[in-house]
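Just so it is clear, A, B and C label the chains in written order, and each chain counts residues from 1 on its own.
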Amino acid sequence: MRLGTIAETLRCELKGPADLEITGVAGIDEAGPGQLTFVANPKYAPKVKTTRAGAIILKKGAAEAPVPALLADDPYVTFARAIELFYRPPTPTPGIHPTASIAHRVQLGENHSIGANVAIGAGVRIGRNCVIHPNVTIYPFVEIGDDFQAHSNSVVREHCRIGNRVVLQNGAVIGADGFGFAPQPSGIYYKIIQSGIVVLEDDVEIGANTCIDRATVGETRIGKGTKLDNLVQIGHGCRIGENTAMAAQVGLAGSTHVGSRVFLAGQVGAAGHLEIGDGVIAIAQTGIARSVEPGKIISGSPELEFNLWKKNSMLMQKFPEFVQSVKQLKKEVEELRAKVEKTGT
Amino acid sequence: MRLGTIAETLRCELKGPADLEITGVAGIDEAGPGQLTFVANPKYAPKVKTTRAGAIILKKGAAEAPVPALLADDPYVTFARAIELFYRPPTPTPGIHPTASIAHRVQLGENHSIGANVAIGAGVRIGRNCVIHPNVTIYPFVEIGDDFQAHSNSVVREHCRIGNRVVLQNGAVIGADGFGFAPQPSGIYYKIIQSGIVVLEDDVEIGANTCIDRATVGETRIGKGTKLDNLVQIGHGCRIGENTAMAAQVGLAGSTHVGSRVFLAGQVGAAGHLEIGDGVIAIAQTGIARSVEPGKIISGSPELEFNLWKKNSMLMQKFPEFVQSVKQLKKEVEELRAKVEKTGT
Amino acid sequence: MRLGTIAETLRCELKGPADLEITGVAGIDEAGPGQLTFVANPKYAPKVKTTRAGAIILKKGAAEAPVPALLADDPYVTFARAIELFYRPPTPTPGIHPTASIAHRVQLGENHSIGANVAIGAGVRIGRNCVIHPNVTIYPFVEIGDDFQAHSNSVVREHCRIGNRVVLQNGAVIGADGFGFAPQPSGIYYKIIQSGIVVLEDDVEIGANTCIDRATVGETRIGKGTKLDNLVQIGHGCRIGENTAMAAQVGLAGSTHVGSRVFLAGQVGAAGHLEIGDGVIAIAQTGIARSVEPGKIISGSPELEFNLWKKNSMLMQKFPEFVQSVKQLKKEVEELRAKVEKTGT
């Protein structure tokens, strides 16, 4: 594809020859001649000088590049669109694979692709354009909107409700029983039936092997546009707002409410029954033990305000010296006192 | 269902009209007229005043409620039983689905339900009343007791032994190879065959995508009544006692022994070859690096006694000021010494 | 099997009767008469005196044992080989199970075993001697070498490339979409197509329910001989060197490069775009926030040099007393100053 065509399609300003032939896209370190790359993160700006890429997408106003450039308002989104120009997604096979098991009273919208060994339970309703890969299981009475994509080995449990354009990566489990066991005086746990459901709103994406537990009563809800990475755990009765993102291995205990546009980095954990406000950012491995006001940036376990945590972390690098200096001070004060008392007498 | 009937069935004291019609159960925040709710956690006691529920389950002796109440010794267990009154569980389809693959010499007890695409290996024995959902795999020579429930995509590996009334949530993996690799002088790892098994005793429940590794030799054992949440990792050769509970994303390295009635909160990790005594409680994200005496409450990474950890955590909120005050002290002592020496001479 | 035969086969020095009959292998605590055990970890040396085992594998030069012994250079590897002498692995059923779905243009090498309900997509190529257990899904256009073992419910996504002698434990997900979403000014995330692949080099083993994400562009690569435990997360675009090992629940964010012969213990997390050098060791739960020089041993969150972290951890056990002593010092200095000033005037 000619660089000029790419610039037009992506609505970028072109700095360089329109007739340069681009054969694909690649990361800044890997891109070679004929490939288009990008820099969005200022951390990588120095790499522009040494890139072997055929062309580069840069932010408008960036320093001049030694290779042909496409100038964009948002180089990251523009690169995402450039990938789409070159990527040929696998074509789903239309129809229902003969080995799939579709129970009675299932409604499937037009243009569906149901893979091998898929099992769909009684009373399930799915909208148009679904792509359900092999070995997926949809339990009875699930309702799903249009443009559903479910990758192999993902599961949706009974009665859960899923909006439009939802994507489940492989092994995602939507609606397994919440961890509800009432301790009895004997020490034996009494299992509390998890009678609620999970609701995934429109445009949600759930990562591989991530688990969203059904509520004890009522629902666990993931808001519109929210994206969860792999191996995330969402406890029963949690409610997540819109356009929130959680990186891999995050875990929320039950009944915690997370706002919109929140970002929880990898391995963050939150206790149950908390309110985590809109726009909160938690650094990786944060242990959230208390509710968090909107807009806060937090880190540490238990969580601290980010700047305090950062300062503490730096101070911990000198902690033994610091302890040593207190011991030394103690000694000096002792000596000083002896001297003063001597002088005093 | 009439409130009076519910009170009788659940053996509660009724404060209010016996003929009030209850249509379902709900959480304290969501319950509306006609719904029954509960308060067990004292944290939620203030919500009793403002609940819109039709009726509420409270602990005997609790302050009077503005709505009809059922008084119970254990409101949580009573609520659990109330859910059962209204919940209609999905009915498993009896028999063996035509797409299931049952190998030779398999023994299935009466009243079984084997779902679509289930694969059961040679020589497997399963007791009465099993419900095995679609896409479950049972490897050869597994032995399973009565009332087994295996949700979709769960797996039981070869030769493992499972007691009565065991529940596997979706994607649980029982008996995958332990992480056993002997480093050789060349740096190349030598795989150690994991020849042991996993034993799940009666009444164990295993969460979604949780992994219990088979032992190198001998067995990994999960004791009677123990409940593991989602995404938990139990290393090869671990032994867990009875009625222990582990929240999501807990990880135990190999050969660690955990006692009975232990509670490990979310994301707790424990090193290998440890003894964690009966009744131990570990707060979320605790990193257990040493063996723990029975009854201890621990937190932090590495673990500290809980009260010490809590104190440290509070002190860390003032850590920079504290460091500052030591610097200040140092200066003052310096000045003081100068003064003293001057005076002394 | 006679102990003398075992000694010969494993090339050990025999201290004891060659004609002793050994019936199996077991751990040091479990081994009884007729069983062979071992001690490699010096921590367990005291157990030699009290073992009930029939015979024991010890390091050459170890103190004499009260039972017949096999002396080896590497008792751990020797025990691994002893297990092999007694272990009968399950025999895979040759051929393709009738319920497996093999798409068109699939090439399977000789001596394959394809289990029930396996789904293999169009254009897949697999080498000789593969064992693919029930309910595995291989997406289209995957290329796999010889001696591949894929356990139930593992998945390999489209276009990924896998070397020889690779093992996937149950539920492993190779090549799910990376977590790539560009935030837009509206707050709505824009999904970045993950057009890259995953490459697993020869002799890699991937644990149960572990996820290796495909790259946005280019590849995520796991080097030769590297072993990943269960529930590990490898973000898109990571590159891992050779003979590296990661314990359960480790998580790497995207584009991080890990060297060869690295060991990351359980629940370690690493931020994205880091360089972690050859031979690095990270203690359990380490939070790696910065790049790490080769050979370093690190711990803590954020990571510290191991010895410093250990010292800090010990000092934290006295932290409240330490804070108290600073307060005391402050008071003493105050008093001293008052005295000095009095004396001075």
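Everything that follows uses one rule, which is that a contact is a pair of C-beta atoms (placed from the backbone, for glycine too) under 8 Å apart; a residue touches a chain by one contact, two chains touch by 3 or more.
The model shown is predicted, which means the values in this text are computed figures rather than measured ones.
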| item | value |
| --- | --- |
| Fraction-based call for chain C against chain B, same above half, different below | different |
| Fitting chain A to chain B on CA atoms, where both chains share a sequence, rotation angle to nearest 5 degrees | 120 |
| Geometric centre distance via CA averages, chain C-chain B, whole Å | 24 |
| Two or more partner chains touched - positions in chain C | 99, 117, 135, 153, 171, 209, 231, 249, 267, 285, 301, 326, 329, 333, 336, 340, 343 |
| Touch list for chain A against partner chain C, complex | 24-27, 30, 41, 43, 74, 76-77, 79-80, 83-84, 86-87, 89-90, 97, 99, 115-117, 133-135, 151-153, 167, 169-171, 203, 205, 207-209, 225, 227, 229-231, 242-243, 245, 247-249, 260-261, 265-267, 284-285, 301, 313, 316-317, 319-320, 323, 326, 329-330, 333, 336-337, 340, 343-344 |
| Residue ranges of chain B touching chain C (in the complex, touch as defined) | 99, 101, 117, 119, 121, 135, 137, 139-141, 153, 155, 157-158, 171, 173, 176-177, 179-182, 184, 187-193, 195, 209, 211, 213, 215-218, 231, 233, 235, 237, 249, 251, 253, 255, 267, 269, 271, 273, 285, 287, 289, 300-302, 304, 308, 311-312, 315, 322, 325-326, 329, 332-333, 336, 339-340, 343 |
